[in-house]
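Naming follows writing order (A, B, C and D), and every chain is counted from residue 1.
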């Protein structure tokens, strides 16, 4: 590997993966605009009336976006420090999925609808936004959500259990006349009901079914409201005790926010070893290191 | 009772009720798979199109599961320390109800639908999961829910009161033309409305009814949101003061989580007498004791 | 007023308004049963199929309940310490409204539906339950709700504002074709939508209306969720600081629950002057005092 | 500028922008009544049946209100300290928009519907109410909402992301038969679903679509519930630490409410320099200052 190639890859990496240099920020903003425009373009193509009028233009644009994203994907692979790590990472897969469907569509026309997977690409918008200005809150949210992962699982477990039991009960009570034609369909009704969505495409029609549904809704609603309250109460106390636990090594005062890097009383660094661990983004970390 | 029989029962108890030995864990996992598969099987049977195609196979599987669960039920009775206690316990009844309906169906064909009661069996999934890895959170949730039991009752009381009053009012205002044919039916509408499910199968049609419903929805929504907030606020403070109250007998520091067994500062046992009381599961406790 | 009459009134007051004596508790339970039975009776009467079969019996029962409640009302007036205060109190009006409609119905048959007002009587169930065993929690809830009254008003104000603005906007955008025939009707749609009830009896049909509704729903949902969060957060801190503020005059330790009457550390009375002020119920207080 | 004109403007400013003098309060109340009456009038005009009967009277009233608000607008411009600042302020634009549409309607009859913009005028009701008696809570709410602005943005970001991804998925899975005719329309369905509004005008009809929708609803519901809980938990701790941080400069005790101006322990002013910064309303501040 020549020295020139080496420095080209580092330079590309700074632009594509980094957000600290002006070029890196500029690239992120251009990419963001491209993503939003390409998603908007896909939406417009899906509207029959618009597609009939300006379909040729929109499909040309779509090809333009796909080629641009393909180049971006290849350059990302070229510039990435650990190529396999990038390809197998969440964003690597999203990047591939955002260009693959259209090429596939050329070969098998039935794969045409897969372009919708491109919508996943929108997730990158959020990531860029996160880096630019919402880094703080979004990180706290992500960290809190990961922290509350088990609570979400418990919540989902309770929901799933209610769904199966209630779905089976209503299937027995209502029968196929009012739309409860099978247990899976009854479970669909139970989910729609217990989460208070309530489309009304399936609804109990017999007095017994309505009485049972009424009681189940009240119980489920109260149970979920209080479960939500318990989760909130526990999160509040966990955040409070986490704040309490973080003590400034310089002035020895506690009560710092979870995402604070510096003491709010004396300005000293809260975690001496955080400087290296801080980068919010693995790829960003890669961009900083040298190639061998 | 012979010594052999004695040790057989203890061995069986360890496998069936216990979760500490490899055999006990293995049994739980096999049972879990059987339960999920049997519930999935029941769901498939309920779908007419699938039942028409592979009904014979599914019904054969259903018989297999029923026989397997029957054997499990009988072995549980045989191995249980206090047999009557098991039979009358929540899980004993669930175990019986998960096999009884099919046998009943042989005698009275109209009891056929009762197989849905098997869905209750799914609750055992949650229990096994709880023991394996979610023991902590699920216990806190269960304990919190038991603690907040009165709050749930108050919440349900408020809901029930609004339901009766609003149902009666709308029955008077709307009358039978738009579906409010009786007070019970109006109450069904009131439950569906006040919990924000809102199917739309019954909805106010007169201007007066819509105005009344609109105001009632706003008031009910605000009242329930604030009631939920009050319950959450109280739970937060109760958990906080419960944490405050738990003091380590060794280092005398407080602030321990409700479900902590050891001091997070010095590692000492928080409650000396908890060792015996700790088992999350009565049956598990039984399995540990000797037979007389 | 003779001495006998005097003591009769005191005795009646203890039975009817009091809950401390066995007779008082017994009266409350009988009344509770009567109220539940009379409300259930009214529900059954409203079901046409049942009314056609056993209407004569149910209407006879209805007359029985009305006469019983009439006697109760007259005795309450007779026994009350301050008669006018009782008659004009919330429960006095409820008591009157629970018997008046049937008598009115004798004179003007069109007033027949007014019997639904009897449903208000159900509120007394809650009051009795409160005294028996939920006194603690229900009092805290009532006090908290009164404390959070302004927050509920703000919440309702925000809801009302969104309703008017959104209703007017959708009336302009959608027009009468899809059910938005007038601003009041659009406002009914806006209430049903913003509270997430969503019947679907009126729903936007034009692309512009759907886009506007989609954005409005997202904004309203996020705004109300965060407003609810703010209210909960403030309530939590208010309860916490109220606990902090309550200091035992004996051992000088704070952190007592809002509804605690005695110090949880030393058992001393928290508020020396609360003994007289404590009664949860004005009528109960009256029952204790002597007549002049 | 003459001295007379100068003092006239100051006097007008006190009446129109101020709320401290009896005249200022009186003006606010008259304005409030006018706003409510004019909004009610617009609602009545929109009801065809009422418009047919008393339309002439209502339209005359509408002209009366418009002329009155026009005079108010002109006087406000005349009396304002910094005229451009008022004209470009939120309330200046609302004031203009509440009179402009009717004049425009004279010229271009198609602009007729724009009168609905007048509904924005209702926001002034809230502002006046705020000044009169809800100043405290409303200020705290506004401040909290501004404080939680990023959290609302994150919440909206999560909602928007789910909407795009779920909308695209359902468009692919369900197709145009059940109403998912385009991605924008699918996104409308996704918003209506994920916020639990659930009209039911579009609902999945295929088993795969129902299964996908059921899982998406459960995941979205749990995610949003926990996200709401995290936001509430963070707000609770932020309010708590803000209270902790506010220390009385006189008695050095902390724990004061965010909107407290005086120490609750010693009565001293909490912020010496707040006297000048306190006014809740820029216009009010202007009214107090002298003209140059």
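Going forward, contacts are C-beta pairs under 8 Å (C-beta built on N, C-alpha and C of every residue); 3 or more make two chains touch, one makes a residue touch a chain.
All figures in this text were calculated on a predicted structure; none of them were measured in a lab.
**Student:** When contacts are scored as defined above, which chain pair ends up with more C-beta pairs, A-C or B-C?
**Tutor:** Result of the comparison of A-C and B-C: B-C.
**Student:** Since chain A and chain B are copies that touch, just let me know if over half of their interface numbering is common to both, same, or not, different.
**Tutor:** The interface is built from different residue numbers on each side, given that under half of them are used by both copies.
**Student:** Please tell me the distance, in whole Å, between the geometric centres of chain A and chain C computed from their C-alpha atoms.
**Tutor:** 43
**Student:** How many angstrom lie between the CA centroids of chain B and chain C, rounded to a whole number?
**Tutor:** From the centre of chain B to the centre of chain C is 31 Å.
**Student:** Would you pick out the residues of chain B that each touch at least 2 other chains?
**Tutor:** Within chain B, the residues that touch at least two other chains are 151, 184, 187, 196-200, 228, 232, 236, 240.
**Student:** How about chain D: which of its residues touch chain C in the complex?
**Tutor:** 39, 42-43, 46-48, 113-114, 116-120, 122-123, 125-126, 129, 134, 136-138, 140-141, 144-145, 148, 151-152, 155-156, 159-160, 163, 184-185, 187-188, 191-192, 195-201, 224, 228, 231-232, 235-236, 238-240, 243, 255
**Student:** Can you name the residues of chain D that touch chain A in the complex?
**Tutor:** Touch list, chain D to chain A: 150-151, 153-154, 157, 161, 164-165, 167-169, 171-172, 181-184, 187, 193, 196-200, 203, 205, 207, 210-211, 213-214, 217-219, 221-223, 225-230, 232-234, 236-237, 240-241, 244.
**Student:** Under the touch definition given earlier, write down the residues of chain D that touch chain B in their complex.
**Tutor:** Touching chain B from chain D are residues 196-200, 232, 236.
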